[in-house]
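One structure, pasted below without further comment.
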Amino acid sequence: MDKENIIKEIEEVQLDNPIVLEGLPGIGFVGKIVIDQIVKQLDAVKFAELQSDFFPPQVTMKKNGLVEHMKNEFFYIKDFGEDNQDVILLTGNSQGSDFEGQISISKLLINYFEDLNVKRIYTLGGLGTGEMIEKSKIFIAGNNKELIDEIAEIENTEIRKDEGGAIIGASGLLLYYGEEKGIDAACLMGETPGFYVDPNAAKEMLLVLFKLLKFEIDLQELNEQVADTLERLSHNPQFGQIAEPQVQKSTEDLRYIG
Amino acid sequence: MDKENIIKEIEEVQLDNPIVLEGLPGIGFVGKIVIDQIVKQLDAVKFAELQSDFFPPQVTMKKNGLVEHMKNEFFYIKDFGEDNQDVILLTGNSQGSDFEGQISISKLLINYFEDLNVKRIYTLGGLGTGEMIEKSKIFIAGNNKELIDEIAEIENTEIRKDEGGAIIGASGLLLYYGEEKGIDAACLMGETPGFYVDPNAAKEMLLVLFKLLKFEIDLQELNEQVADTLERLSHNPQFGQIAEPQVQKSTEDLRYIG
Amino acid sequence: MDKENIIKEIEEVQLDNPIVLEGLPGIGFVGKIVIDQIVKQLDAVKFAELQSDFFPPQVTMKKNGLVEHMKNEFFYIKDFGEDNQDVILLTGNSQGSDFEGQISISKLLINYFEDLNVKRIYTLGGLGTGEMIEKSKIFIAGNNKELIDEIAEIENTEIRKDEGGAIIGASGLLLYYGEEKGIDAACLMGETPGFYVDPNAAKEMLLVLFKLLKFEIDLQELNEQVADTLERLSHNPQFGQIAEPQVQKSTEDLRYIG
Amino acid sequence: MDKENIIKEIEEVQLDNPIVLEGLPGIGFVGKIVIDQIVKQLDAVKFAELQSDFFPPQVTMKKNGLVEHMKNEFFYIKDFGEDNQDVILLTGNSQGSDFEGQISISKLLINYFEDLNVKRIYTLGGLGTGEMIEKSKIFIAGNNKELIDEIAEIENTEIRKDEGGAIIGASGLLLYYGEEKGIDAACLMGETPGFYVDPNAAKEMLLVLFKLLKFEIDLQELNEQVADTLERLSHNPQFGQIAEPQVQKSTEDLRYIG
């Protein structure tokens, strides 16, 4: 079998040098929560879907017993925020289940974005710390120094200087392949414990995006989820003690390579 | 090497819009036990066999020292039950050993079922709970709301509303690919501890199928196996304490994505 | 990259309906020890070598610091034993490192054996028990009932009746592919603890082969290795307590599938 | 997707029968530290880069927040050392992430080296011992007995006589594929605990290379890293007790195969 990825377009879109916000499932589901909130509140329009033989061989269930196949979804919003930019939102219920799949899918994504004249990409992810966090900082890395510096001027952000630390999956590869296509791209990483779905980090990420992209959405649902999460965590005391985050940090202390 | 799947037909069958019952090896072997009982008691006729380079590189032994290769098997029964439906029974001693294999085989299965004019598919599996169960409930999910609701009217069934929970392997993929082909499909999941072969869940599954498909078979052999399993479990006290089921549940408590 | 397997022939051989003895690395290295002893003592002639991109990406070291690549090796002995049969001996330092590799290599082997007019195959392996063993029994399974019964007449052998138990790797697949080619094949499995190289099981295997193939070789080197192993094990008391064998047994006690 | 490896040449080089020094990431990063020091101090010129779909799907971060893709890099130094040899230095931030990748990349490397008229290859790696080491010995293995013996005359070296022990990854495969191309190749393995980046083993490796290749570089930076590592280890007492090295040793004590 030749494993295939297919982008099925529902609607042919005409977008004016759009920017992309990517929030696929990852550490703490931080990026996915952010994109889901924007899609829901701003009535983003779904225009395409990516299906792939690299997604896990499963379906997931919905609230009503109907099943859903694994997929990535593309939405757009025209004249987004005060700058009236066109925006593409990428999210989904899966990433490629192996290394080959992640590379194959990210290559397809970047080609598609190039076809759509995308001028900038923001990938949104989590940075697992393995510890409970009061207020998640948003770390930045990217393929363009000016872009990084621009974002770093926003409150509660910080350029990530973890030499050798890895950004895995689509959030990392889109920076690399973007660079090859001449598309500026930055990754925003919300600090998160890494062992549960984290609406709190998503909220801090949104607050940064509000300033970066000059828009706003309501935070009430997220605030409720934060309160609810804290409530639930208070009944799961062991969560505070899990020591192994899923994030890949460089073993900075014993590293000299450069 | 190009890995191949082949369906070898033993007999060319003429079936009238058959329904499919799939029970390949899975959690608790629930589906496989059910199909094996129907095949044996109703003299189902084997008409095809699927061989695959995606099955594990092994043979298994039979009672007499002869070996058996890995395979899936297709049986049919004409004029099955009170509705006189034609039925295809799919079982075997293996599923694809990796993600690619499971996808590749399920695609071949759905194409074959389409060729055979299959009008409906029931996939039979186990839902591991990690705990001993007095009376297994049969959960339902599917690609068609009316079909789900119809099954849910039967005693001891319940629509599965575990948002984000996964159905893995052929039992899940046949729902997805079925939907793409316009074939209604539902998955029946028998609650099972998940750490031993479970004739008890298979029996409850059969009781539901009796009503759904208007047929009956003898339960004596299954009852003996249930008694025997309980006897054996009573000598393996640790079975009651295994905490990790193989089933993939959504981590519902800390999930807000939707 | 298309991964390749190549058989490089050193000498073009003319053999008269040879029988094959396969002893590739496996549980306890039982089969490999047996073949190595026969090759060494009876001056078997190497006539071909299999190289494969499916072997692990490594070289191993020899006693003198020179390295050796991963390979399987074919030897022959003409007019072997009292029956003057031609014999092919297959051994090596590796098996395919993944499922695809094991299937791909076994298919190539059976095609090669068919070309060489092989009439019978004996695959030699270990059956891990997870426990120390006084005297290893030799278990038998195969693709031909008469062949199995013939071997089972030899002292210290027993037909393996572990329904559902698996024979993995080349020792299993050659039985399956042999059957498809019309080549009778049996697997001889020497009981072995499974967690160390076991010359003792190899010796018991040889004693059975002496009667089966009507030949004899000196056992002095093996006896020394057995004594040496026992001596070393006496200094490694924990060996006697390892609980998890590498063998795949059916979970017979809780199985009813048939 | 067909996974690809590409060597992108930055500069077309004319080298006179160069020797290769390979130091890709591996146990203790011994080889990589050595190559990085030579590249930095002797102003080696980067002339090519290898990019591969077999590298992990990630980017790593640099000190300034910019990201770096996974790659291998080729540098050259003309008229190196007292013998005025042309030298190629190979290093990078990754090796192939699976067996297929390591084989595929090593085959490409050896073909490239053949095109560049390489006459000799030294692969530099670590030999994990699982124990803290006062002074790392440099072990030698290779595809040519004369070459091994020549290196073994240098102080603090020893021919590795670990029968059956494996050299994994590019450091091993280049010996094998080198032999097939008629290129002499040896692997130098620096003893290292194996659970941290080890500048100490790298320093001992360099001292051997000074004599082998008749050159010298400053050791001050390495000495500082050694001191710093010791300081840090003194605060991580558990490092001294880790029992499982990543190295593959033959289980010599219980092995008789040959």
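Which chain is which? They are A, B, C and D, in the order written, and residues in each are numbered from 1.
Note that a contact is a pair of C-beta atoms (placed from the backbone, for glycine too) under 8 Å apart; a residue touches a chain by one contact, two chains touch by 3 or more.
Being a predicted model, the structure only gives us computed values, none of them experimental.
> Could you report, rounded to a multiple of 5°, the rotation needed to superpose chain C's C-alpha atoms on chain D?
90
> What chain is the most remote from chain D, judged by the mean position of CA atoms in each chain?
Relative to chain D, the chain whose C-alpha centre sits farthest away is B.
> Centroid from C-alpha atoms only, then distance chain B to chain C, rounded to Å. What do you get?
Computed value for the inter-centroid distance: 36 Å.
> Whole-Å distance, chain A centre to chain C centre, using C-alpha means?
The answer is 51 Å.
> Indicate the residues of chain B shared as contacts by at least two other chains.
3
> Of all possible chain pairs, which ones touch?
According to the stated criterion, the contacting chain pairs are A-B, A-D, B-C, C-D.
> What part of chain C is in contact with chain D in the complex they form?
These residues of chain C touch chain D: 1, 3, 29, 32-33, 36, 53, 56-67, 69, 93, 97-98, 196-197, 199, 225, 228-229, 232-233.
> Where on chain B is chain A touching in the complex?
3, 96, 99-100, 102-104, 106-107, 140-145, 148, 152, 159-169, 172-173, 175-176, 179, 187, 248, 250-251, 253-258
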